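Multiple structures follow.
Heads up, the next two complexes both have subunit A, just with different partners, subunit B and then subunit C.
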Partner chain A sequence: MSSFLPIEALAPQLALAAGVVAALLAGMLKERPRGLLRAVAVSALLAAALLAGASLPSAHPPLLRLDRIGLCWQELFCLGALPLAVLMEEDEIPVALLFGSVLGMGLLAAAGSFLTLFLGLELMSLPAYLLVSRGRREEEAREAGLKYFFAGSTAGALFLLGMTLYYAASRSLALAPASGPLAQAGLALMGAAALFKIGAVPLHFWLPDAYEAADPEVAGFLSTSMKAAGVLLLMRLAELAPSSALARVLPAFGVMTMLAGAFLALRQQRLQRLLAYSSISHAGFMILGVGAWAAQGATGAGAAAVYYYLIAYLFMSNGAFAFLKTSGLSTRAQLRGYAQREPRLAALLAALLLSLGGVPPTAGFLAKLLILWETVRCGLYGAALAGALAALVSLGYYLALIRDAYFEPAAGQPPPAALRRHSSGERLVLLACAIPSALLGFFPWLAGGLAGVLSGL
Partner chain B sequence: MTALAMALDAAFTLALLLVFSNVNRWLGPAPRHEGDGQLPYETGMPPIERAEGSMAVAYYRFAVLFVVFDVDLAFLLPWALSRPVFGAAAATAMSVFVGLLLLLLAYLWRKGVLECKR
Partner chain C sequence: MSLSALWLLPAAAALLAACCGRQARAVALGAAAATLGMSLMPAWAGLDSLSRLSYAGPAWFYGIRYSVAVDGLSLPLLWLTAFLTLIVILFSWRGRFSSGYWAAFLALEAALMGVFLMRDLFFFYLFWEAALIPMFFIIGLWGSANRRHAAVKFFLFTFAGSVLMLLGFLVIVTQHHLATGVWTWDMELLKSPRPGGALGLASFLALVVGFGVKVPLVPLHTWLPDAHTEAPVGGSVMLAGVMLKMGVYGFLRVAIPFFPELCWRLLPWLGGVAAVGVIYGALCAMAQQDLKRLVAYSSVAHLGFCLLGIFSRTQEGLAGGSLQLLNHGLTTGALFLLVGALYERGHKRGLSDFGGLAGRAPWLTFFFGVSIFASIGLPGLNGFVGEFMSLAGMMVRLPVLALAGVIGVTLAAAYALPAFSAVFLAEPGEGSVSAMISDLSALEALTLAALVLPMLAIGLHPGPLLALLRSGVGGLAL
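The block that comes next holds the complex of A and B.
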């Protein structure tokens, strides 16, 4: 095979690009069969996930490098986008935007040089700004989209600046270790960009606004696939210099983020904003996991803990946001007495919330346990203690939501949005998210298997 | 050594920024706060409306479309010149690229973007 274009290395991305073309073609049809776009969206994402799963690690210098971590993460991006593909409106534009965003994430995961990394970063972010701006509550969505755009562009600029400094130190754009103060400064700036994308405190200020004004299913996509991409970016940077200042401050950032997110979520009355702050708190655990992974010298077990957390959070968060979309509720007051009205949906919500809060034996519990275990293993006892404290605080609002739904009498009429019928797609997504959230914790050996896969670099 | 250079560079940049943003105040006459004294100087006429007012968005789409095809040409020209070197692979790649752009044009046409609405 000539080195003109490594087609085989980009197979998942090509599937998504073909999906964009198919979506636009479907948009040109005069009479479009119902569900055609949804079928295109789901099948292209599944095809990309399968192709990523079937790919083998290989290097295609200078631009691309496929490794186990990148390939596993590519599958995660596609799966995290599936609920949005099922729940979104029947329109070709958001489908094309979603594909573009996931394509960018895949490029970021397959990057072998800073150029590809930056290209992926921008390609995944630009469609996301538009997806947020297209929210149903137009005025708020536009404002939030603009805020998100400015925050994201700042992150992009920081990354570019860090890239130039790193280039000055290493004289090459390859993802290769470099030393010296210039490289350290470059890594710090690029790390700040990644933390911006993940929404780490104190770079989180854009996140609640963007998540609240976006449609719930879009917020679910942002909190899962997009966060996973930011975490992967952080891992790529920490991998370059495990003893750099960036890698060493990560646990501190993680602790700050999880505590701030948990305490800020306690006071929220709007459900979508509450989930946004809860996603900040969860991001703290992910960052702590990356810090522990780097401190251990990038072991398979550390990577598996982060990956398991991301998988568990993929189900929990997508499920919680899908519940908001399905139920049409927007404030905590509207949740009162919900269990009497909709006992089945309330049960699914309770399962998701228990998992988000990390109650054993749910997936969320095992995910938190794995992260804290890896943290203790590399001697960060204080960080592990703070993690346990944050988990405890976060139970305060998750359990309060369950109390609202089950043990409070209904107050007033339910909002009009809550009275419409639920579609079968919505029910399917909720079930597909709630069941793994509740039951994945029974399979701890999955994490061991992941460690084996992820250490075979 | 590099750290020192970077610190010096940062200090110099900061100092320069402070100077540039304040030199007018230090050297110039005291600003007039009455009348048109606070308005930005453009042509000597007082501005008719605020700069952030709304503009017709229709033209913006033409401008973006133009940029798309302009960039397309920037790729086509070197491709045409280097075709003997790269051969069939380059021909395939470029036909895919141009094909996608044509599809985009067809999509925009179909959606009525090319019609000038008044």
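The block that comes next holds the complex of A and C.
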């Protein structure tokens, strides 16, 4: 049965749309029970994730196409947004914005034509600009939101231009291979838009400002779900033409991004900015993974390496930003002596940082290992060496943070924000992020299962 | 009894110790003693049946499979790890340490036991790296003045080597798959076919760097003096006693069996680097005024002897080199404990800060003397057997390198004996803290006796242990 707009293919998106309505309605209540919005937010995201998990691959031409990669990524988007849903303020507007953004990502993942792809791209980006602009430090947040908006719109325009060129070559908006110089140019422009979204060097200039001015939990969402969406976009483009110029330069972009991000993060004193640069470095690994996957014909288990990286990063990055939110710290100097004051939170932080640094037996280790392995498999030995170097440099600043928290004596009074009591939601998010980050590396078969799911076994 | 218990028990105990506050010390002691007991059980059951203990789980992902085994090489190293952990815990018994300290040592023991047990490259690497984390905290939290810098330097330096090593593993595994169509990380299966040509050379060199940082080979050794000197007593003992052995174990278990021809072809280079280490470490030790730093540099020299023996690939050299691993663990462990005891009493470590201790602290002097003589290879003590066999092995291959080793032995006497005489025999000078030095307590003396007895036993009757080691490494001989 084929209708123009198949309900069953859009079930996760419908759940999110219902969530938007529910959140806005709840906002109109005069006396809203505490935690109602949070419950709505969490349950809608979980419902969407479950619906995506229960869906089967199917095609609904011309607009939609559900494949295994798309469905897996839809779950990823919802899970990556969960910490934000728990940590955000009790206000209907940000909840609705968050749902809108995730809905756009879902659309992007289910796209069967360039039109849907573009629709998803814009739908996921617009609410994100607003989420950034609503940061607690208003001046900075507004400025960064504007900057993010302009950068994002440029990416959107690039994508449209690329789409037009591609259409000129293929005479169709369907996601189908096309050849010729026009198609190549179109792919390159659309690829640039995707790299913009991921924050690849040299298209990363907006990212540190946006991540720093946003609330930490929003930055966590941007660095996980939003990056995952950008990576998926890149994979869709690489899938169209695995041997195109775009696919072939991806490893170079990956290497550049991971090294630049790692070196730039070394000197940062503000924690949120440091994590922003570290997220650039991690994005480099993801791009390298996509490049390696494309080099193997954009089929097979290579996608599992990227997916595993995103899952691991989902826990690590959301956890690290949730730590910033929970602890109320903003600079490295304030981190000094933290382990004496808050031994438990400090232990969670150490686990998250070691995982971000890729030290065995953490999840971050297995993630980096899988990417490097794929790189070695397609013979990109130079890129693999660069990846090792980037891992080493980035470990330098993660260890420096542990050193601050554990080995340095406290310097002065903690900031007032740090003396607040931690809510149970904050503790839950931190635990739920830190424990998988620390221990997933012990279970390589999980990654094996993913490879099976993604290649349809 | 399953071999996995050897790492699971200390790991579980580490979690328990981290949670249970005051009782952590007792948990640590109990777990360390139980682990030592369990590690000795295979010897009880008969050494011919070691292969029956191995276990391999199902293949998980790209041939990664959990598999553990022991043989004549890893079993003594397991003993050494469990033994030194117990010694360290006993020696720190009276110190006021938080529960984290005991948990960290148990976690370290678990990781180190894992390294010697695992037969799958993936898990080998997992434990290899995991051992860095507790040691990082041990140095950084309980070390001396410059500990923060030393901890980060130690971690980054060894991590750099290990990442290269991991790339080497990936190349080996991928090339094996290309050649056979089978994914495996199993150490036995990967031995053939192995990558050849430039790729083979590159992955071999990556392994050499990875293991060489740990040993340490000379240009890669700069993390060692800092880490050993700044670590707390127990940390230094575990670093020098066990963690350096991981590097040599890596050569014996992975680098040489995987690339026997390359290793043979590069013998002049590899052996040359080891010989440089012997001489350079000894010369550096001679120049030290800090007793702990002196012992640290002597480790560089001693590990050079091990490598000389092992690279010679003769029966004597291999057995002697691996025996020297155990010897060095015992003697350097004892020396670090004694330096720690001196520092605890006098808060000084300089050679000129003491003097005339022989009269004040006879037991301390006795144990120090025995350990120093064992370390410089006096016949009748363990060091002699290991060094002699290592050099004898190398003599057959490249006499020049053996000669360098002999010079190294002489130099060892030239730095160890003056140090001993300055601290224990000479008249105390200006500003000496000798007056503050009391003799060892009963517990300290007991732990040191436990270290010194095996030194004597190996020195006088090395036969059984050598036979065991030979059964483990003899296959590598040419």
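Worth pointing out:
FYI, the second predicted complex is superposed on the first by the 453 of 457 C-alpha atoms of A that agree within 3 Å, B and C clash if a C-alpha of one lies under 4 Å from a C-alpha of the other, contacts with A are read in each partner's own complex, and residues count from 1 in each chain.
Just so it is clear, a contact is a pair of C-beta atoms (placed from the backbone, for glycine too) under 8 Å apart; a residue touches a chain by one contact, two chains touch by 3 or more.
Everything quoted here is computed from the prediction, not taken from an experiment.
If you put the two complexes together on subunit A, you find that subunit B and subunit C both fit without a clash. Once the two complexes are laid over each other on the shared chain, residue contacts for A:L369 go to subunit C alone; subunit B is not touched. Of the two partner chains, neither subunit B nor subunit C is touched by A:L345.
Of the two partner chains placed by superposition, only subunit C is touched by A:V359; subunit B is not. Applying the stated contact rule after C-alpha superposition, one finds that A:R403 touches subunit C and leaves subunit B untouched. In the superposition on chain A, A:P181 makes contact with subunit B only, while subunit C stays out of contact range.
Of the two partners subunit B and subunit C, it is C that touches the larger number of subunit A residues. Closest C-alpha contact of subunit B with subunit C, superposed model: 40 Å.
Chain contact summary for the complex, subunit A toward subunit B: residues 2, 4-5, 21, 24-25, 27-28, 180-182, 185. Those residues of subunit C whose C-beta lies close enough to touch subunit A in the complex are 60-62, 64, 122, 125-130, 132-133, 136-137, 140-141, 147-148, 151-152, 155-156, 159-160, 163-164, 166-167, 170-171, 173-174, 202.
Per the touch definition, subunit A reaches subunit C in the complex via residues 354, 359-361, 365, 369, 372-373, 376-377, 381, 384-385, 388, 391-392, 395-396, 399-400, 402-403, 406-408, 441-442, 444-445, 447-448, 451.
Across the complex, subunit A is touched by residues 2-3, 6, 86, 89-90, 93, 100, 103-104, 106-107, 110-111 of subunit B.
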